Structure formats: structure tokens, C-alpha cells
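Consider the two complexes below, in which chain A is the common component and chain B and chain C are the respective partners.
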Partner chain A sequence: MIQAQNVGFAYETDEGLRRVLHEVTLSIQSGEMIAVLGQNGCGKSTFARLCNALLPMQEGKLTVAGFDTSDKKMTFELRRVCGMVFQNPDNQFVSSVVQEEVAFGPENYEVPRQDIGAIVKAALHQVALDGFEHRAPYTLSGGQKQRLAIAGVLALSPKVIIFDEATAMLDPMCRREVLAMMKKLQAQGHTIVMITHYVEEAVLADRVALMQDGKILAFGTAREILCDKEKMDAAKLLMPHAARVYYDLLAEGITLPMCPLTEEELLEAICRFN
Partner chain B sequence: MQIQLKQLCLQYDCEGRKSDVLQDIDLQIGRGEFIGIMGRTGCGKTSLVQLMAGLLTPTSGQVLIDGEDINSRHYDKTILRGKLGYVFQYPEYQLFETTVYRDVAFALKYSKLSKKEVEARVRQALEDMGFDFAAIREESPLALSGGEKRRVAIAGVLAAQPEILILDEPIAGLDPQARDAFLKLLKKLHAQGTTILMISHNADALADCAHRLIVINDGKKALDGTVEEVFSHEEVLSQMHLDVSFASRMSKKLALPHSVTYEAFVQNLKAKLGGDAQ
Partner chain C sequence: MNRSMTGQYVQKDSVLHKMDARAKLLCFILLLVVMLKAKTVFSYGLAAVTLVAVCALSKLSFSALTSTLSRMTTFLIVIFLMNALFFSTQEAIWKWGIFTLSREGIVQGLHVVAHVVLVLVLSNLLTCTTTPIELTTALEVLLKPLKVFRIPVEMIALVLSVALSFIPTLLQEADTIRKAQIARGARFESRNLIEKARSFLPLILPIFLCAFRRADELSLAMEARGYRGAAKRTKKAKIPLKKSDLLALGICSCICAVQFFL
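Now for the complex of A and B:
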């Protein structure tokens, strides 16, 4: 669904070119849920912006849902099949009323008028914003705005949805709802890419990409990557709590029967140790 | 008491309908406290701290800072600006200068500091936020990643060395290393006497550095106590959409002595497993 071959990118700044992506190569299958982890400034959002042509391609080849992202004639179509929920939802609001905000995408893509009402209602329901139809987006709290932004993307039911830290401002319950929703969308056949700083969220992904300094450092199943202390250290990240406990005990000469990824697995491992 | 809230109420006007955002909040915050504020999305946390900072005016009730009502007609709000630093929930909106240096120095514009002192403060604040001063100073704030922008914006508030520091979800968007470094910095500032109020959904971070937790639910103060006390009400918190810290949750499940920080939990677990092994 997403194929990147030696993708490179440099921003133009006053002090000249700043290279931020180096030969990024990866392949994401249709229907997968991928997590991207990495330090601030390592290039996650830059890669995401290339995927739906918010930034122009410079180097290498990137195809998303069959569209070549460097083909400028197809940009409009590409953005429909590859939706994005940004780090900061305020940046993507264009309307002064919630329901118009959600209707904006479908209208833009000339979805028949009579269908739009139902689409908007369903999208708002999916993010638990029923009853907010007539509110102004700016009056919503941070978390509510994030959910509205997600509804706006869902209204186009894109094949690929990239969540760029879309859960960063949500309370734990809303966060779980959104994550469950990502899972549900995945089950419906959408391909999900989530960029996050919450390693506990990455546990839910099928595969995890670790980025560092504009390169892909490792790409593998959540277990392969998140329980690998060496790799996580190299990317300057922290393992999930459960795995950290395993290594902290190991350092004291206590060896649990397995390296757990989740809290449930940690409980099980401790149980089996006893 | 450094900050006192008396019978504080706030209503927003929503298409002619009034909605109660905060109701009858009474709160006393002493000098040098480190307080975490939790609450589900939309419960009124941001509104609460904006009232404390004088960024919103209450519908009724009072906000007293160092004994003075900040909404009284006679109160000089420049005093407040001198002692209180406020990091917005989306602080990157506050970035508008052409270089990172000028942005961070902005808060010191009207201070009586010399150019040299300003530079020293800016350097310190940026280094505290994990930047290489020489490399970042001439960058345009717009050319930074999301997390970097947030860190620059926080540096701008820190440079003014406020007595009271209010932080609205400051660690959302920071990578784990930047987050831990930042929490360490907050602990240092607290040890030096700064009063800190931090809104966060991250129970682990709050357990790590706050001494007292205030939980807001549906516009009211629901819980107020030490982190240990508040996290002992796991069920109540979960009804309010909130989690306790990893350590708190796990120590309960494993019937270990209740601990809220990761370090304490691992110690207790080691003692238990090490003991069992012998």
C-alpha cells in the first residue's frame, strides 16, 4: 500500500539545504497497522507529508495506494486515498461549524449532496462527538478537536490514514477509544500508520518502524522491535514499561521466563517465575 | 498561600446558551508546591489554569495571588506577568519571531537585564530544553518539528524564571528522552522554590514529579491529595476516564506495597522475587 524506495528529502533554509531524510526504504502492506517511533526532529512528519504530497518529492520513489506521489496531476486523488490527522488539529480546520468541517472533504470531492448529511453524522458518531454538530471548532477542548480532525478524515473513507500524534492530547479513555477505532478501521481494510511518542500504543501495531536522524533504523513486528533493548537504545527510545521491568530485573540477576510486551504478559511472566 | 481560588465559577456562552465549565472551585496552593492536574478531555483543566493566570475572567468567585484579587480593578496585571509563567497547551502558536533566539528572548524584552544577561538566560533555557545553543539560535522557529517547536516555546517561558510556572500538557509531543530530561528540570526548579502546576494525562510523569494531585471532573474538584492518596482510588479515576500510573496499577495487581513511581515498584518487585528465589 505504501512503497518507499530510497526516499530522500532536504528542506530549504536560509543557511542552505538541510537534509532530513536519507534513503528511506520500506514497504507497508495493505491492511497493516504500522507504528513509527523516533525522537523529535528525526523526520517522521516529513515522511508523512511526502506520503500525501503535502511536500514535493525530491529523491527516490514513493507510491501510496498505487499513486506515484511525484505525479502532480494525481495529487488531488492521492489526498483522497491517503488521509492525514495532524499533530496539531487546529491546523486543519477550515470551517466555523463542526458539521461543516466534516462535510468539507466530501463536498470538495463532489460527493452527492444528499449523501453528505449521513456521512457527517456517521463520522461524528465514530469519534463520539454526537451532539456537537453546531459547535464552533475553536470552542472545543484540545482532545475534542483531535477527534473532530479524525472525523474529517473518516468522512472520505480513505484507504490509508496517517495519524501524526493524533492521540497526544487525549485522556486515557479517549485515547483507547481512538486506538480501538484505528483497529476497527484496520479491520475494515484501511491501512493505518500511526506516528506516536507513546510506546505503549505502538504495541498495538502489526509492525513498528524505528527512525533516527532521517533513516529507518529497524522495521519489524512490535515484539521484535519494542523488546529489543539494543535497538531501542540506539534510537534513543524507551521500551514499554513491561519490557523495562524485565531488563531491570535481569540486571539484578532475576530472569523472568520471557520478555513481556504488555502488562498482562508481565503479570503472566511473574506468575510463572514464582 | 500563594494562590487561592474562592468559589470560582466560569460559564461560557454557547450560541446564547450558558454552559457551566467550572463550578464552585475552592483551592489553596502554597508557595513551592508541585501540583499535577488531571481530568478527562474537556473537563475544564485549561479553563481552570487560565483563570489562575488571569487569562480568563471568572463569572463569579475570586482568584487571589499572594493575597491580591487579580481581577480587581485596582490590581496591576504587570505584577502577575512578572511572577507567573504560562506554557499554553499548543505553545507553538506563540512562536512568531524570525529566529529561535529572538523568540526565547522575547519574554525578557522589558526586563532590566543587560544584553549579556539576556543571552546567558536564553542560552541556559535552550540548553535546559535539550538544544545545542549554537546550532539552534539562528534557526527559524517555523522550520522546526512539532516537538522541537514545543521545546522552544517552553524555553521562552523558562527564560523569564517565573516564581509560578503553569504548564498545560507540556509533555505531549516530547520524545521519551526529551520528556524525562524535562521532568528532571521541573524537579530542579521545584527544588529551587518554584511553584509548579502541571496539567497532564500522563499518570507516570505526574507520579514521578508532582507531590499533590488535583482531579477535575465535570467542572468540579473531584479529588485532591497526595499522589499516593489519589491513585489509591483507581476505580473512581477510571470512571472519570483516567488511569493511575503503571507502578500503582501493577503493585495492586501483584499485591505489592502500593507505590506510584516506577523506581519504587521495581524495588518492591525485586525484593519479592529475590526473596522468593532464595
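Now for the complex of A and C:
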């Protein structure tokens, strides 16, 4: 669904060019949930913006859902199949009414007026915001705001949805809400790219791309990446709590049968140990 | 935000709330003329009676209707004094330096204050009974003829609606910054006007920065959803005016016409 071949990118700044992506090569399958995990400033958002052609391609080749992102003529079509949810819910709303907000995307694609009502209703239903049609976005909770942003993207029925730290500004409850929504969308056949610096969120993904200073350090299943002490250290990230306990026990001479990712797995591993 | 905003939409079930925003906006303009044309006792009478009748139709509370006024008493006093004391005339009642108090000046001041009061209440009526989105949509329709002069009407309407959606966020942000500044010793609550004004200065820069950052992110979010100019979008639905809207327009036109003869 997303194919990146040696993608490079540099921003122009006052002090000259500033390289933020180096030879990024990735291949994401259709229907997968991928986490792009890395520290602040390692170039995650830059990569996401390239996928959506919000930034122009400079080096390498990037295809998303069959569209070449460097093809300027197809940018408009590309953005329909590749939706993006941003970090700050307050800064992505264009309207002061929920239903108009969801209708913004379809209106840009000149969807006939008579079809828009049904699209908006369906999108709001998918994110469990039925009955909020006439509310003002700023009166919603943080989690509801992000779900509204998701509805705005869903109204275009995209194949790929990129979440650029969409949970970063939410409290734990709201964060869980949005994560559950991502899982649900994946189950419905959307390809999900979750950009995050929370290791605990990356656990939910099928595969994890570990980023460091604009390079992909490793790409593999969540277990392969998150339980690999060396790689995680190299990316300057803490492993998930359960995996840290595993390594602490290892240091004490206790070897559990497997490296757990979640607290439940840790519990299971400890039980099996006895 | 400790105070609610004045002139904000108040949900009520009234004829005025149900009226089509386009018709309402046109009626508003007609009645605005009625208010500003008031000069004689009769014309003031007509303006006042009309305004009271519309207020009654709106089902809004007295405080909602006059909230803007009570907030602007100082302003009203100032414009009255400006007119009363600086009216150039021979027949001064009282003179002191550059100040000249005269009968004509006082009358002039009263006229201006009365006009401002009438217009404020009328505008308040409009914004309290119409949601911002209805208002911008109506404005877009009414400004459409300007497209002949290559004025980007759709874009203006979109900018307005984006700006409207931004106001609550900006107010929240301002409040957060204000609290942060209070925590660092700013004196917003000071009774001394100059001190108070000065304490607001440090608010301005952060608010501007917030606005710019938001504009940046918002433009990205809009582009990501396929925005490529206001003209290439699904057109707004065409809803014909109801009979009641036409009736209201007719009545307002009549009142406006009568006002020209009083």
C-alpha cells in the first residue's frame, strides 16, 4: 500500500539545507497497522507529509495506494485515498459546526450536495458521534475532537489513514478511545499508519518501523522491535514496561520463557515460569 | 472564560430564530436604515416601536438583549461628551478652554447616543438569533453579485467561517496565557487603568504566535483533505425563501419607506 524507496528530504533553513530523512525504505502492506516510532524531531512527521504530498518529493520514490507522490497531477486524487489526522485537534477544524466540518472534505471533491448528508451521517456513526451534528467542535472533549477529525477523514473513504501523533495531546482515557478507533478502522480494511513516540502505543501495531535521526533503524513485528534492547537503546527509547521487567529479571539471573510486550503477557510468562 | 460572550447565539424557539438568514440579513439592513434615519419625535417613535416589536418576537431575555449596551456605557458617555463639548457654535452655555457646551451640542450628542443604542440592540438581535455559520452562508449568497467584479466571494465566506471557528480556541488560549501571566505576577485585576492596560501587553505576542501556528497547521489540515481553492467545491444547496420570509421583508421595506417621510 505504501512503498518507499530511498526517500530523502531536506528542509531549507536560514543556515542552509537541513537533512531530516536519509534513504528511508519501507514497504507497508494493505490492511496493516504500522507504527512509526521515534524520538521527537527524528523526521516522522516529515515522512507522513511526504506520503500525503503535503511536502514535495526530493529524493527517492514513494508510492501510496498506487499513486506516485511526486506526480503533481495526481496529488488531489492521492489525498483522497490517503487521509491524515493531526496532533492538535483544535488546529484542524475549519467549521464551527460538526456536520459542516465532516462535509468539508467531500465538498472539496465536489461530491453532489444531495449525497453529502448521508456521507456525513455515516462518518459520524463510524466514530460514534451520532447526534453531535449541530454541536460546535470546540465544545467537544479532546477524544471526541479527535474522533471528529477522524470522521472528517473517513468522509472521503480513504484506503490509508495516517495518524500523526493523534493521541499526543489527549489524557489516557481519550487516548484509549482513539487507539480503539484505529484498531476498529483496521478491522474494516483501512491501512493504518500510526506515528508516535509512545512505545506503549506501538505495541498495538502489527509492525513497527523504528526511526532515529531520519533513518529507519529497524522494521519488523512489534515483538521483534520492541523487545530488542540494542535497537531500542540505539533509538534512545525505553522498551515497554513489561519488556523492561523481563530484562531486569534477566540481569538477576531469572530467564522468563519469552519477552513480554504487555502486562498480561508478563503475567502469563511469570506463571509459566513456575 | 469567566464571562460568556455578548452577542452570541442564544438557542430559542422563536419566529426570528426560524427565519431564513438571508432574509434576516436583508431585513437587518432595512431596519438599520430605519434606526439611523430617526431624527424627529415621530421617526424615533417608529424606530423604537419597531425595535421593541422585533425584540418581543425574538423571545430573548432583557439581559441578553441589552448585554452589549451595559458593557458599553463608558463608551456611550464618551461619545456623548465628545459631541456635547466640541460642537462649534456661537451660543455657548458654558465655555472653558477648548470645551464649549451648547444646546445644539447636547442635542447632537443625544442623537448620536440614541442611534448607537438602537443599532447596538438591533445588531445584538441579529447575532443572538442567527448562528455564525448561517450568517456567513447568508453573507456568501448576498455578496454573490460582487463576483462580477472578480471579488472572491466564496473565499471571503470561507475565511469568515474559519475565523469564527477560531475565536473560541483563541479565547481559551488567551485565558490560559492570562492565568500563566497572573501566576508570574501580572496585575490584570488592577483598578488602575494604565496598569491594567500595560498588563495586557504581554498577552498580545503569545496570542499572535498562537494564531500564526494555528493558521499554519490549519492550512496543512485543509490541504490534506483536498482543499484547492474555494471556487472548486460543492456548491451550497439552493433553498428558496419561505412565504413568511418574504412577508417579513415586505413589512421591513414598508417601515423603511415610511421612515423616509417622517
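By our rule, the second predicted complex is superposed on the first by the 265 of 274 C-alpha atoms of A that agree within 3 Å, B and C clash if a C-alpha of one lies under 4 Å from a C-alpha of the other, contacts with A are read in each partner's own complex, and residues count from 1 in each chain.
Here is the rule we use: a contact is a pair of C-beta atoms (placed from the backbone, for glycine too) under 8 Å apart; a residue touches a chain by one contact, two chains touch by 3 or more.
These numbers come from a predicted model, not from an experiment.
S.K.: Which term applies to chain B and chain C once both are placed on chain A by superposition, clash or fit?
M.R.: Here chain B and chain C cannot both sit on chain A without a clash.
S.K.: Could you look at A:Ile254 and tell me whether it touches chain B, chain C, both or neither (first, second, both, neither)?
M.R.: first
S.K.: Given the touch rule stated above, what does A:Leu17 touch, chain B (first), chain C (second), both, or neither?
M.R.: A:Leu17 contacts neither chain B nor chain C.
S.K.: As a test of reading the superposition: which chain, chain B or chain C, is in touch with more residues of chain A?
M.R.: Partner touching more chain A residues in the overlay: B.
S.K.: Could you say whether A:Ala234 touches chain B, chain C, both of them, or neither, answering first, second, both or neither?
M.R.: Neither: A:Ala234 stays clear of chain B and chain C.
S.K.: Just chain B (first), just chain C (second), both, or neither: which does A:Pro137 touch?
M.R.: second
S.K.: Should A:Asn88 be classified as contacting the first partner (chain B), the second (chain C), both, or neither?
M.R.: A:Asn88: touches chain B and chain C.
S.K.: Identify the partner contact of A:Pro112: answer first if only chain B is touched, second if only chain C is, both if each is, neither if none is.
M.R.: A:Pro112 contacts chain C only, not chain B.
S.K.: Could you tell me if A:Ala180 is touching chain B, chain C, both of them or neither one (first, second, both, neither)?
M.R.: Once the two structures are laid over each other on A, A:Ala180 reaches no partner at all.
S.K.: A:Phe104 in the overlay: touching chain B, chain C, both, or neither? Say first, second, both or neither.
M.R.: So A:Phe104 only meets chain C here.
S.K.: Could you say whether A:Ser96 touches chain B, chain C, both of them, or neither, answering first, second, both or neither?
M.R.: Only chain C; A:Ser96 stays clear of chain B.
S.K.: Please pick the stretch of chain B from 5-13, 77-85 or 131-139 that overlaps chain C when the two structures are superposed.
M.R.: 77-85
S.K.: Please report the chain A residues shared by its interface with chain B and its interface with chain C.
M.R.: 88, 90
S.K.: Could you pull out which chain C residues touch chain A in their complex?
M.R.: 131-133, 158, 161-162, 164-165, 168-169, 172, 213-214, 217-218, 220-228, 232-237
S.K.: List the residues on chain A that touch chain B in their complex, please.
M.R.: Listed in rising order, the residues are 11, 13-15, 18, 38-41, 45, 87-88, 90, 134-135, 139-144, 165, 168-175, 197, 199, 236-238, 241, 244-245, 248-249, 252, 254, 263, 266-267, 270, 273-274.
S.K.: Once bound in the complex, which stretches of chain A touch chain C?
M.R.: Checking each residue of chain A against chain C gives 49, 52, 54, 76, 79-80, 83-84, 86, 88, 90-97, 100, 104-113, 116, 136-138, 152-153, 156.
S.K.: Okay, in this complex, where on chain B does chain A touch?
M.R.: So the residues of chain B touching chain A come out as 12, 14-15, 39-42, 46, 89-90, 92-93, 138-140, 143-148, 151, 169, 172-180, 201, 203-204, 241-243, 246, 249-250, 253-254, 262, 265-266, 269-270, 273-274, 276-277.
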